[in-house]
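Next, two complexes with chain A in common: one pairs it with chain B, the other with chain C.
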Partner chain A sequence: MKALIRAAFLLFSVLFAGVSMAQHEGHDHGSDDASHQATEAVEAAEHAAHDGHATEKFNPGEMIMGHVTDEHGWHLWGHTSIPLPIIIYNTERGLSLFSSAHFDHGHKTYAGYFLHEGKILATDAPDGTDVHHATENEALTAATWDVSITKNVLGMLVSIALMLIIFLSVAAGYRKRGVGAPKGLQSFIEPIILFVRDDVAKANIGPKYERFMPFLLTVFFFILINNLMGLIPIFPFGANVSGSISVTFALAAITFVLTLIHGNRHYWGHIIAMPGVPKPVLLILTPVEILGVFLRPAILMIRLFANITAGHIIVLSFFALIFIFGEINAGLGWGVSVFSLAFTIFMSMLELLVAFIQAFVFTFLSAMYLGAAIEEPHHH
Partner chain B sequence: MAGRGTSDASEYLRYTGLGLTMVGIILVSTYLGWWLDGLLNWKLPLLTIVFALLGIAGAMLHLFKETGRRR
Partner chain C sequence: MLIQFSFGLIFWMTVSFLAVLFILRKFAWKPILETLSERERGIEDALSEAKKAREEMAALNARNEELNRAAREEREVLLKEARDIRDKEIAEAKEKAKAEAAAMIERARAEIRNEKNAAVADIKMLVGELSVEIAEKLLREKLADDAAQRALVDRMLKEAEARLS
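Coming up: the complex of A and B.
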C-alpha cells in the first residue's frame, strides 16, 4: 500500500505539471491583440478551406481542448454531433430556449446569439448570419445568463441516473435481506461503503461520524462514477465532468461551507489565536491560518480538476500523435498508431487507478477538514 | 477492509496539500504587498519585499503547526 501511494503521488506531480502547461497555453491565446488577430486570420483561412472542401490541417490543440472542455452540443465524430438545448436568460430580452443545432456548429447566429470559442455572445445580426459577419453587442452579452444543458450537464445527469439505479437497487437489497449476506450489486458496493465508513469517516471524524456519512458517500460515489464515466469514450459517457473546474469548485465549496457551519469554538480558537504561541508570532500565524481556511478547499478543487483533466489530455495526446505523423506520411501514421494504442491502453489502466484514488483523496481530505472542525478539546 | 495499510495511507494524505498551501500563502501575501505598493506608488517596492518575506515566514510557521505534535 505504501509503495502504491508513493507511486500515485509521483504520478500526481507529473500530471499536475502537464496540465498547468496546457492551461497556460490556453490563457495566452487571447491575451494580446497581435496573437488574437493572428488567430482570427488562421480561423478565417481555415473557414475558407472548409468551405472549399480542401484538406484541413490537423490541429492537435484544438482537438484536445474540444474534448476536455464543456460544449453546447455533444460532438460524436466528424461533423456529426448531438444538439443539446440552449437555455438563455437575458435581463433585457427574457428567456430563450432553442436547440444548439440552430447555431450550425458555431457557424451561424440564431435568436440574436452566436457561439464564440464555446461562449454564447449576444448580437443584433439577423438569424442565420455567418458568425464572421456578426458583431457582438457587449452590453447585451453582459446581461446574458447561460444556463444551457451542456455536454457536462448532460453527462452529470446521466451519472445521477446511474447512481440512482445502483443505489436504489442496493437499498432494496437491504430492505429485502436485512443485514444478512449481500447479493449481486449489493455485494460489490457494500465493501466500498464500509471502506468509506471505517477508513475515511471513522478514522478522521471520530465518534460523531454518522451525520457526515450521507455527504461523504455521495461525494465519493459521485466523483468515482464520473471519473470512470469520463474514461469511456462512447456517448453518453466521456464528458469530462469531474475534470471540469466548475464541478470541482461546487464540490469543494460544499466541504468549505460544511466546515464553516460545523466549526466549533475549539476549531476557531486554534485559527484566530493558537494557544501556546507567543503574541508577536500570532501576528503572522493568525492571517496565515485564516488564509489556510480558504486555501484548503481551493487546493481540493484544483487537485481533482488537474488530475482528471491531465489524464484526458495525455490519452488524447497519444491519439493526436497518430495524426501528426500521419500528415507527414501515411505509413508513419500507421506505425505510430501501434505505439499510441499501447500507451493509451497503459494510461487507461493507470487512469482506472487514478479515478479511484482521486475520489478517495477528495473524500478523505473532506472528512479530515470536517473532523478538525468538530474536534472537541482534549483535557490534559 | 480496515487494517494497518490504510493508516499508512492516511499518514501521507494528511500532508498532501501542505506544499501547495505553503506556495499559496507566499503567493497571496506577495500579491497583497504588490497591490499595496500600487496604492503607495513608491519607487522602491518595499511592501512587496516585506510581504513576500512575511509570506515565507508564515508558510514556515504553517509547516511547523501542521507537522508538529497532534493536539
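Coming up: the complex of A and C.
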C-alpha cells in the first residue's frame, strides 16, 4: 500500500515534470524567466549533442518517458529501432502507407508528413527535409487521421495473439477431455475462470451474469496479459499497453457503453429521480448522479493507467540511478547497480502482484457497474 | 507526453478488443463455460445420488435392525416357553415319581405286614403243636404210674375247690 502511494506520488511528480517540459519545448514566446532560459540552454546543448551523435549525456526523464509512452517505431537500444508501418488517412490526400524508417527517428519529413513529439503533422515541405526547416500545414494536420501500427498497437497485437493461442488451446482441451479433469494449461486457467465467474460475475451481477461472462473474461485476461507482457523488457514485449491512457480509455468506454445499453428503467429512474428523495434535494442529487455515470468509467480508465505506468516508472527509475551514478564514476555506477537491481527485482515482484490486482479490480468494478445497471427493483 | 489520447491507438484497441471478444466468445468462452457448468451439474448429480444411496442404506439398515430385534424377541419368548414347559414336565415327573414311590412303599409295607402276620400265625401254630406235643410227651412220662395220676387228679380237684370257695 505504501509503495503504491509512493508510486502515485512519483507518477504525479513525473507527470508534472512532463507537462512543464512540454511547455518549455513548445513555443518560446519571449519569456524572460531565468530558469526558463536555463532550460532552453540545456535543450539547445542536447540538440547539438543529438545531432552530433558524440558525447550524449544520459537523460533519465527522456529514457523513462521513452519507455512508458507510445512511439512510431520500436526503440531497442542506442540508435537501433525496429521501423513500424505508418498508416495515415488524410481526407484531402487520401491513404498513405509507409515505413517509419523514412522519418529517420523523427529528423526527416516524408510523403508530406513529419514527427513532432510523437505526433504526425502534415507539411508541404519535400521529402527528406530536416524537421527544423519544415513548417506545419495546420489545416492539413487537422484532416489527418493517424492509425499507424505504433509500438503499443504492435505490443497489443502480440498480447492478443498470445491470448488467442492460450484460450483456443484451452478450449480445445475442454473439447477433448469434456467434463474430465483439466490438464496442463487448462488446469492453470480454470481456477481463474471460475474465480471470475463466481467471485466477480455472480457476486456482482446476480442470476443474469451469464450474458456478461465473455466480456468480463476477455477484459480480465486482456488486462492481465498486457500487464504481464509489459513487465518483460525484451522485444516484442515490454510495450506499456495497459499503462496507456488510450487503451484504458477504450476499455472503460466499452464498459460504459455496455452499462448504457443494458441499463433498465429501474437504473435510469434512480439516476434521474431517486425515489423517496424530496424535490429540492433532487436538484443537487440528480446532477451528481449523472456526473457519476461518467465518472465511473473515467475512474476505471485512470486507475489502470496510473497503476501500471507508475510501476513502470519506478522500475525504470531504479535503472536510471545506475546510469546517473555511472556518469559520475564508473565504480559508483557498479556499486549502485547492486542496490538498484535488488530494488528492481522487488518492484517487479510487486508489479506481478499489481498486474493481477489491477486486472481483477477493473473486471470487478465493471461487473459492479453492470450489476447496478441491470438490477431489478426490490419489492419491499 | 504521458497523457495523450491517440486516435490510432484507441481505434486499434477498440477494433482488436472487439474482435478478440467475438472470437473468444464463440470459440473459447462458450465451450469452456458450458463444459464447466456441465461438470458441476455432473458433480452435483453424483453427490445427490450418493446421498440418496446413503439414505437408502440407512433405511435398509434400520429395517434390518428392526427385524433382528423382532427375531431376538421371538427367540426369547420361545426359549422362555420351552423353559417353562420343561420345568413343568420335570415337576410333574417328580410328583409322579414321588407318588409311585409312596405307593410302592405302601404296597411293600402291606406285604411285609401280611408276611409277618402269616409268619406269626405259623409260629403260633408251630408253638401250639410243639406245646401239645411236649405236653403229650410230658404227660405220657408223668402219668406212667397210677400213683402219679392220682396225685395229679387230687391236686387239680383241690385247686378247683379253692377256686370255688
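Basically, the second predicted complex is superposed on the first by the 330 of 380 C-alpha atoms of A that agree within 3 Å, B and C clash if a C-alpha of one lies under 4 Å from a C-alpha of the other, contacts with A are read in each partner's own complex, and residues count from 1 in each chain.
Going forward, a residue touches a chain if its C-beta (ideal position, glycine included) is under 8 Å from a C-beta of that chain, and two chains touch if they have at least 3 such contacts.
None of these values were measured; they are calculated from a predicted model.
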item: Touching partner for A:Leu164 - first (chain B), second (chain C), both, neither; value: second
item: Chain B versus chain C as contact partner of A:Leu194, first or second or both or neither; value: both
item: Touched partner set for A:Leu352, first chain B, second chain C, both or neither; value: neither
item: Which of chain B and chain C A:Asn152 touches, first, second, both or neither; value: second
item: Which superposed partner A:Ala273 touches (first chain B, second chain C, both, neither); value: neither
item: Chain B versus chain C as contact partner of A:Ser244, first or second or both or neither; value: second
item: Which of chain B and chain C A:Val68 touches, first, second, both or neither; value: second
item: Partner chain in contact with A:Phe215 - chain B first, chain C second, else both or neither; value: second
item: Greater chain A contact set [chain C / chain B]; value: C
item: First, second, both or neither for A:Ala298, with chain B first and chain C second; value: first
item: Footprint overlap on chain A, where chain B in one structure and chain C in the other make contact; value: 194
item: Footprint of chain C on chain A - complex, ascending; value: 14-15, 18-19, 22, 65, 68-70, 87, 117-118, 145-150, 152-153, 156-157, 160, 163-164, 167-168, 170-171, 174-175, 178-179, 190, 193-194, 197, 210, 213-215, 217-218, 222, 244-247, 249-251, 253-254, 309
item: Chain B contact footprint on chain A (complex, rising order); value: 1-2, 5-6, 9, 191, 194-195, 198-199, 203-204, 270, 274, 281, 284-285, 287-289, 291-292, 295-296, 298-300, 302-303, 361, 364-365, 368, 378
item: Residue ranges of chain B touching chain A (in the complex, touch as defined); value: 1-2, 5-10, 12-14, 16-17, 20-21, 24-25, 28-29, 54, 57-59, 61-62, 65, 71
item: Touching residues (chain side chain C, partner chain A) in the complex; value: 1-14, 16-18, 20-21, 23-25, 27-33, 35-36, 38-39, 42
